[in-house]
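Before we start, here is the structure in question, set down as structure tokens.
Chains: A, B, C and D, in written order; residue numbering restarts at 1 for each.
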Amino acid sequence: MDIGFIGLGAMGSAMAANLVRAGHRVTVWNRSPEKAQALVKAGATLAKTPAEAAQAGLVASMLSDDPAVEGVTHGDTGVLAGLPAGGLHVSMSTISVALAERLAADHAKQGRRYLSAPVFGRPAAAQAAKLFVVAAGDGQDIARAQPLLEAVGQRTFTVGETPSAANVVKLCGNFMILSAIEAMAQSMTLASKAGVEKTVLLEVLTGTVFGAPIYQIYGEILAEERYRPAGFGAPLGLKDMRLVGAAAEQLRTPMPFLGVIRDHLLQALAEEGEDIDWSAVGLAISRNAGK
Amino acid sequence: MDIGFIGLGAMGSAMAANLVRAGHRVTVWNRSPEKAQALVKAGATLAKTPAEAAQAGLVASMLSDDPAVEGVTHGDTGVLAGLPAGGLHVSMSTISVALAERLAADHAKQGRRYLSAPVFGRPAAAQAAKLFVVAAGDGQDIARAQPLLEAVGQRTFTVGETPSAANVVKLCGNFMILSAIEAMAQSMTLASKAGVEKTVLLEVLTGTVFGAPIYQIYGEILAEERYRPAGFGAPLGLKDMRLVGAAAEQLRTPMPFLGVIRDHLLQALAEEGEDIDWSAVGLAISRNAGK
Amino acid sequence: MDIGFIGLGAMGSAMAANLVRAGHRVTVWNRSPEKAQALVKAGATLAKTPAEAAQAGLVASMLSDDPAVEGVTHGDTGVLAGLPAGGLHVSMSTISVALAERLAADHAKQGRRYLSAPVFGRPAAAQAAKLFVVAAGDGQDIARAQPLLEAVGQRTFTVGETPSAANVVKLCGNFMILSAIEAMAQSMTLASKAGVEKTVLLEVLTGTVFGAPIYQIYGEILAEERYRPAGFGAPLGLKDMRLVGAAAEQLRTPMPFLGVIRDHLLQALAEEGEDIDWSAVGLAISRNAGK
Amino acid sequence: MDIGFIGLGAMGSAMAANLVRAGHRVTVWNRSPEKAQALVKAGATLAKTPAEAAQAGLVASMLSDDPAVEGVTHGDTGVLAGLPAGGLHVSMSTISVALAERLAADHAKQGRRYLSAPVFGRPAAAQAAKLFVVAAGDGQDIARAQPLLEAVGQRTFTVGETPSAANVVKLCGNFMILSAIEAMAQSMTLASKAGVEKTVLLEVLTGTVFGAPIYQIYGEILAEERYRPAGFGAPLGLKDMRLVGAAAEQLRTPMPFLGVIRDHLLQALAEEGEDIDWSAVGLAISRNAGK
């Protein structure tokens, strides 16, 4: 299958590699073309513009934020300029609900198809093709994108027919991860001031009703205070929480945990600098208790 | 083994029944003696006072709050009056850290032994002897109580040598359960206003990194808005959060999620009355978004 | 007029002195009798028990917390034991709503009268007889206490016929003071990170719509970071916020600013120790922004 | 003096009228020119574009949000296109710190001068020339704008040499107003559930340490629950709080009251619609207590 792929950061390059590995004919584009070298060696073709990558008729984009996605979509050399009539753009970045709505409208207006299909998982999961994909859009478009989604993920969840629904779900997921980290860090801080080892509390939690990967993974990070190097940086976490806040504002939905989370991210960034992991909300929490 | 058991509410009566079933000679006491009928039929002996139940030398108490536990412990007919020298009191109620500290000191002063061993699990788990026990205290005391703890639970976690450590862990657990319900309810409200079914969001969460029982159980309650009849009443949840707050105050530990949780419990109680489940924080959350 | 006065801390001794100065025959009691020396020199009589002080028929109490007030009221040597039938107890301490309700009931049961009349103002205001008194209770009792209230304060506000209403108002006042300090400290921190001097922001605020004493007084403290010596200690502020929380819980009223305030008090206490002023919530706020 | 004035909403038209009244030669521009009729009758000249209004060499803009200000500043017919070399743009709108920084840079790059001079006050104050002006920028520019500022306000505060400092101060002011409303509404709700009339609490507050206009004005609105018609709409308040949040994010400053305020604005908007006053945070607060 001919597939274009735009955005070769830590996530995107691993995903594109899996597309190549699955036997697809992949045309890639990245702002800094040197990041494409390994992929080209593996068999991918390097496009000079996003438009060129989009000529495949099915193009995925995986970029870091709203402006980057807007940048590759519009303009003379953008996806919309290159995508053939009826072509499909699978937008896999974590972007705002408002941008997803705008992109869906822009593509429709020009007779192009648009899907939102953001993913859960860190770079290691991307490399192992173990991402979880959350897709929303027209059923036929999702069917058409299936070979692409299957090559990068272990499972696809379809959450609605409006593309932006997938972005809401993705943002909710990140909000819930930070909420879980917060609750655990607040509990660990209290418990440790009462003389209970953090790892002991964690063992009780995961051994009873909190036996989910998220508690295991982040519980260990919190117990070991392992906030560097960042697996997922606090500035990216803050960006995602800003998008949650923007969706909450647009949809008139109070989300009281959000203010707490944002403030702890800001504190961690203010005290520690921009290279800290998003789980460093736990650092802010223990510091504020004088630990 | 001779075991006294004090407090025959929904939890206590199920636990005492399991002690009888396990072959122990059980002497029970309850403020309203009629609740003991079934147990007596099953082979338990009815004591006239907590002191009488404590004469077994090993006595467990399972009551609803601090005043109830203090009430059965002190005074002429209390546990301390009946417990023989060297006798052991296993306090399984969810009580304050401060009371656990006081009880430990009071028992020590009179040459009696004291363990905190609160439990996780609802009445159904108590009936099935599937509770999780969190124990703290002297290692020999825990060993001595083991037959009792094994008869009521599926697993015992030892979290420290200071009895009150177990109460901190228990309170943290309830705080974390309410935090998880809050995070899920806030996410579901946002998602549903964006057109995503609550059950769809739940499927994504539990199918990815939130695959723990707590999300499954409460996610369904939230999706179905099934807040009555109460499995665990909001007033009890509020009481527990008050105890978390008291521990946080005593230990000088900020816990910013706590204020949010308490306020939603208060809102649910103000709007719905005292018979609502503690998961009705979710009702407050969706109402505040105009749903 | 014969007046008993119980509690000779910084506030109480200044208030009792003003009663003597106003020409009343004052009988004082304090747990540590040496604190009464100056008052006795000025003409007051020293009582051996609260009961003895209450024999005057009109007795005021000004103590630091709930247990202290309960301690002087009940028991063989307490106010209720000494107060003649029909005698009036004017309770001026900042106590819980629940205790005020209990005291009112206890006095009524024994045919004694009870008023709540807590005060606003620091020790300097007490010395200058410039306190603000907030009174609630039966109109005739308030009239009867008027000479006492006038001798210690510049103005009396009558807020209802249920004594505990005055305690609610007093607690709301302290909650509002801390809320104002919080809002100002958060704004000053943001502004100073943007290069605006704290004193410049304060000048704009007090020069426009925030021209109230509370902003002037605490604005200067915040700008100068003058948190020691404590004018009103953080532990006392925390105690008052606990009473606000208890009232909010009893009355089923969410108060979302309260959690924020309590957490900042706890952080200041955790980081700085128990001798810090309650306005040190401002210290927590600026620290969390890395200042 | 020749002055251009851009933006003739409720605030802007009143301010422009005061400029005419003060004897200045005023050229006005508004997107809907019919709003200029009364001003033209009073002696103002109507410009066809912002650029034309800017030809006066000194031009003020008073618009509702960031996009509107950007819209009149840039482009072929914008302020920057019309302002002569060395001309001064006095930006009086409540805009983001980031936009103020960008505008300052854009003007400097083209050899034009830029001041931020946002105002405090509602339309009635604008009509009475009783606004408070908060100005920041180069001292000579502020001196040059003085006749303009004096004609619209009762007092000008100079808060720094970086224009955006004035925008931070303005945003802090609105944050503090909402914080004061919140604290009062939370207190009034608690007090009223305890049987204290809201007006009685208000009398105590304003009669003691909260004797500032802001408490008087909004205290009455809260007591009377007079949330319509909106004096300052909740959507505008929400926009301002979004700008506070953006500044807090940019400056890495936690502001925990902000989350509470935003959530109550969102609740009021969700439950009541877009035409409600920003003080309706008080409505959300009392509703959540079941009142």
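One rule holds in what follows: a residue touches a chain if its C-beta (ideal position, glycine included) is under 8 Å from a C-beta of that chain, and two chains touch if they have at least 3 such contacts.
Here the structure is a predicted model, which means the values were calculated and not measured.
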#### Entry: Farthest chain relative to chain D (centres taken as mean CA coordinates)
B
### Message
Count the C-beta contact pairs for A-D and for C-D, then tell me which is higher.
### Response
C-D
#### Entry: Averaged-CA centre spacing for the pair chain D and chain C, given as whole angstrom
38
## Note on the structure
Here the gap between chain B and chain D, centre to centre from mean Cα coordinates and rounded to Å, is 53
### Query
Hey, how far is the Cα centre of chain A from the one of chain D, in Å?
37
### Message
Show the residues in chain D shared as contacts by 2 or more other chains, in ascending order.
### Response
248, 252-256, 258, 260, 263-264, 266-267, 270, 288-290
#### Entry: chain C residues within the chain B interface of the complex
238, 242, 245, 248-249, 252-256, 258-260, 262-264, 266-267, 269-270
### Query
Contact residues on chain C for chain A in the complex?
256, 263, 266-267, 270-271, 284, 288-290
### Residues of chain C touching chain D in the complex
97, 120, 132, 134, 155, 157, 159-160, 162, 164-165, 168-169, 172-173, 175-177, 179-180, 182-184, 186-187, 189-191, 193-197, 200-201, 203-205, 207-215, 217, 244, 247-248, 251-258, 260, 263-264, 285, 288-290
